[in-house]
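Per-chain residue numbering starts at 1, and chain names A, B, C and D are given in the order in which the chains are listed.
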Amino acid sequence: MKFLTGCTLDYWIPGLSTFVFNVTANETTHQRVLSERLRLEPEAAPEEFVSESGNRYHRFSLSGGYLRLRYDAEVESVPSLETPESVGACAPNDVPLATLPYLLPSRYCQSDQLMRLAYREFDRYPRGYEQVNAICNWIYANVDYLAGTTTPLTSAFDTATARAGVCRDFAHLGIAFCRAINIPARFVSGYAYTLQPPDFHAVFEAWLGDRWYVFDPTRRIVPENLVRIGVGRDAADVSFALIFGPAQMTGMTVYAEAAEPISGPAHTSRSSAAVCSA
Amino acid sequence: MKFLTGCTLDYWIPGLSTFVFNVTANETTHQRVLSERLRLEPEAAPEEFVSESGNRYHRFSLSGGYLRLRYDAEVESVPSLETPESVGACAPNDVPLATLPYLLPSRYCQSDQLMRLAYREFDRYPRGYEQVNAICNWIYANVDYLAGTTTPLTSAFDTATARAGVCRDFAHLGIAFCRAINIPARFVSGYAYTLQPPDFHAVFEAWLGDRWYVFDPTRRIVPENLVRIGVGRDAADVSFALIFGPAQMTGMTVYAEAAEPISGPAHTSRSSAAVCSA
Amino acid sequence: MKFLTGCTLDYWIPGLSTFVFNVTANETTHQRVLSERLRLEPEAAPEEFVSESGNRYHRFSLSGGYLRLRYDAEVESVPSLETPESVGACAPNDVPLATLPYLLPSRYCQSDQLMRLAYREFDRYPRGYEQVNAICNWIYANVDYLAGTTTPLTSAFDTATARAGVCRDFAHLGIAFCRAINIPARFVSGYAYTLQPPDFHAVFEAWLGDRWYVFDPTRRIVPENLVRIGVGRDAADVSFALIFGPAQMTGMTVYAEAAEPISGPAHTSRSSAAVCSA
Amino acid sequence: MKFLTGCTLDYWIPGLSTFVFNVTANETTHQRVLSERLRLEPEAAPEEFVSESGNRYHRFSLSGGYLRLRYDAEVESVPSLETPESVGACAPNDVPLATLPYLLPSRYCQSDQLMRLAYREFDRYPRGYEQVNAICNWIYANVDYLAGTTTPLTSAFDTATARAGVCRDFAHLGIAFCRAINIPARFVSGYAYTLQPPDFHAVFEAWLGDRWYVFDPTRRIVPENLVRIGVGRDAADVSFALIFGPAQMTGMTVYAEAAEPISGPAHTSRSSAAVCSA
């Protein structure tokens, strides 16, 4: 599938501010950036940094005035769709050691505080895709999707009890539950085709068998419709804009469209396939 | 039923310390203190204070040395046993206004943070005894009774997620859930016949219909076997010993025996009656 | 001093809701309600309850529609003004036992978690008025008064670290610090002459010598200018409106005016007297 | 300086457990492992993984019985000692982008919740070594070093208020404060010559100028005396033993000795140099 996607971000900068943006689609085995354009007004030449996990960060500083960032891209996504039944587990002894950090608790995913809860709720499921799917079902059934109920400081520990949040909170809770039962899990940010209202989206990936599979516990999109931006331990690693200084956001628009007709039911109904796009 | 009960508490006092003990059985419609003796070594003449809710507090100060408090009592308990089906709810409009504080969040019972969780889990049950019983069943099924997993700072918010604790934590969670769905609930401390190992015990009461009913979500005793010491918003109100100063506890024994043969199965099996002893 | 004060509160009621209002000025040794009028539209006959500490609560239920509560009162306040130097401490052994609950941690005043911090910062001051004044100075110096930074769930533990809040948060932190160093303290809600913008206000009282003294760590009013509504362990006890049901507030105005010319500098500058109005 | 250092770790393994140890000294520009031996009883061939930041992890699984790990090494450390006055700051625009993660909040270092506190306390100091030194002085002055007051779940947010902890907690708080004022900071685990009682130690590093400098806010060792094991965002990344399964530790000894006479006062007194050993 080919998508046209991007965003416009506006800021007012009362004094020296350093920006680190993470809004550009990344390249993976299953995702290719066919063309893209990152424009800054006023013009600036951001420094690009590609992290070990492939995220692309753009950094620059401005001492005042207005800033508009505009990003437009055409991205082709060819995720691998597999039969859920065929996706097994991966024991801690077999997890690639580079994946180890995704088994550890992180700022917004306190798996160390959720071990008993996760064990009680999810240990009874067969390990593998079905177990992570049970986690997503639990979150969908027990947490209300409600804009405005949480803040950037809200974490999985809060959501496990408060039971309300947005996509970021749903992803954090899914990650924390996975790690609590020894499944590596990570945060994925992206542009999401069919998401209403349009916005940056957050889902998570779990390491099963020998690769990452995408899960969206909000059920607001099918994983095939995600244009990937970045991955990280949690939202802290992939803020679309990390700002050092007094800059304030004054506007934001996000879009994701199909670049060609999409056939089949996948784009509107819940996916029945295990999706790997990493 | 008549019980012989009491405790011995030992302290080392390196410097001026004020003690407020709450270890004496109180008098209620359903509980009578037949005889009792409170001894202090060295001798002291504690000031007694009976709170609005009937708790008896004993206060005195010592500037050093060792302290032994010994309390022995014979207490008759004649709880009212009712049919659970006959115990209905009490709407917020009908709750006696003096009971209002027991609808509010307190230090260890943050009902304001547990409203969605409580609503999701318990709103579907018929209001009244059955709903509170469902709360107790949930706690029993989802929280591990494990000494050493919690501290005096542990609260219902923690336990809702950490899923382990002792009688005090179970009571706090029961109280918080009740208040979250608008049922007045309070903490009850006491001596507990058949509790193993012997210790001070904590249960909770919910206001249903027109009176308080006792619940023990740990299922470690039947409510009929409790000799009541005090009631409060949570454990903070009924510490067996509140100490201002550097005194350190060096020993504690607690006992509760039947003063006469107890017939029937009530003392060993789970009660099927709704118990009011307040 | 005589004040004209009151409020108008508007609600939309989509379904059966029970209200418990605590907006009426109370009577104390130092405060007299000369005249007052509590009106409800539609008309209702609220049940009045006067708590042990003198708060007046008004309860009633409505099954739908709009509600307007309007309260107007003329209140005379004759606080006792004393020399701070003359106000000494009160040891835990001498605190009236009925005041004991105000030494305990409560929902929003977790004094049990702030003991080391309070001891480190405030133990060095002479016990009595000066020590509580040092607490207020610390809060004023270290916490930003910023509307919108906190929620009804914010507690003293949060504010001790987050360092921003509103009057309610300032009062909670003052109370928690006092209790942590064994000074009874309680929350006071009221109408505040000269407060800008007009709103309900919150301050706290500490038990020193043999009575309660008022402190406002926000320094936004002088304590003499407070028309007292209620006292409690913390904000939970004196919500101006406790609502059981789906009612939503749609508007609120609060006012507090001088009923007669006020002479002297007291109403504009920071008070130098120890003020008792309980 | 040359050190002889190592540890013995004993476990009882009731069922299949996977271990990931991080106890081996790492190699840096300033630290060289002259010789080392890692022995396991029963014998096992652990898989070694060297992380991007140079930590060496050893993984293997056992299905039951006892395990003893013994590690002994001779390590040469030649830290760079610089004049504190010469160590300046590094603005967010100049921080190497690979260092970016160390500016973000992590599980035990919630810099996002400590920004106002950090700004109030530390913004007034000159940026650079002196500012981080001020952070260490604050921690040393305001937090009690007390074994047994914290648990593996304790975080910088807790310690900022609770004001007690051990080396791990001191390091977490130092890291959180640094990040809150935009200084990259990371956790460093190690063996510590002269530490009493002998144990694994934790300190932190801050990125100043163009490199990492070591700080120990506990003041229990001089940074020159640390044999480095690993670095990470916080303690989660460098647990000496990460265990998946039911294994229980039954014993631990740690040692660190000088392999040759050490001259000068550096090993006993507080260092006056800025130390870089990364």
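In this text, a residue touches a chain if its C-beta (ideal position, glycine included) is under 8 Å from a C-beta of that chain, and two chains touch if they have at least 3 such contacts.
Quantities reported herein were computed from a predicted structural model and do not represent experimental measurements.
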Chain C and chain D: spacing of chain centres that average the CA atoms, whole Å: 47
Centre distance in Å when chain A and chain C are each reduced to the mean of their C-alpha atoms: 45
Centroid distance [mean C-alpha coordinates] between chain C and chain B, Å: 31
Multi-partner residues of chain D (each touching 2 or more other chains): 113
Touch-based graph of the chains, sorted into line, ring, star, complete or other: ring
Pairs of chains found to touch, sorted by chain label: A-B, A-D, B-C, C-D
Complex interface listing, chain A residues touching chain B: 113-114, 116-117, 120, 142, 144, 157, 160-164
Touching residues (chain side chain C, partner chain B) in the complex: 18, 20, 47, 49, 51-52, 57, 59-61, 91-93, 97-98, 100-101, 103-107, 110, 112-113, 152-153, 182, 236-237, 242, 244-245
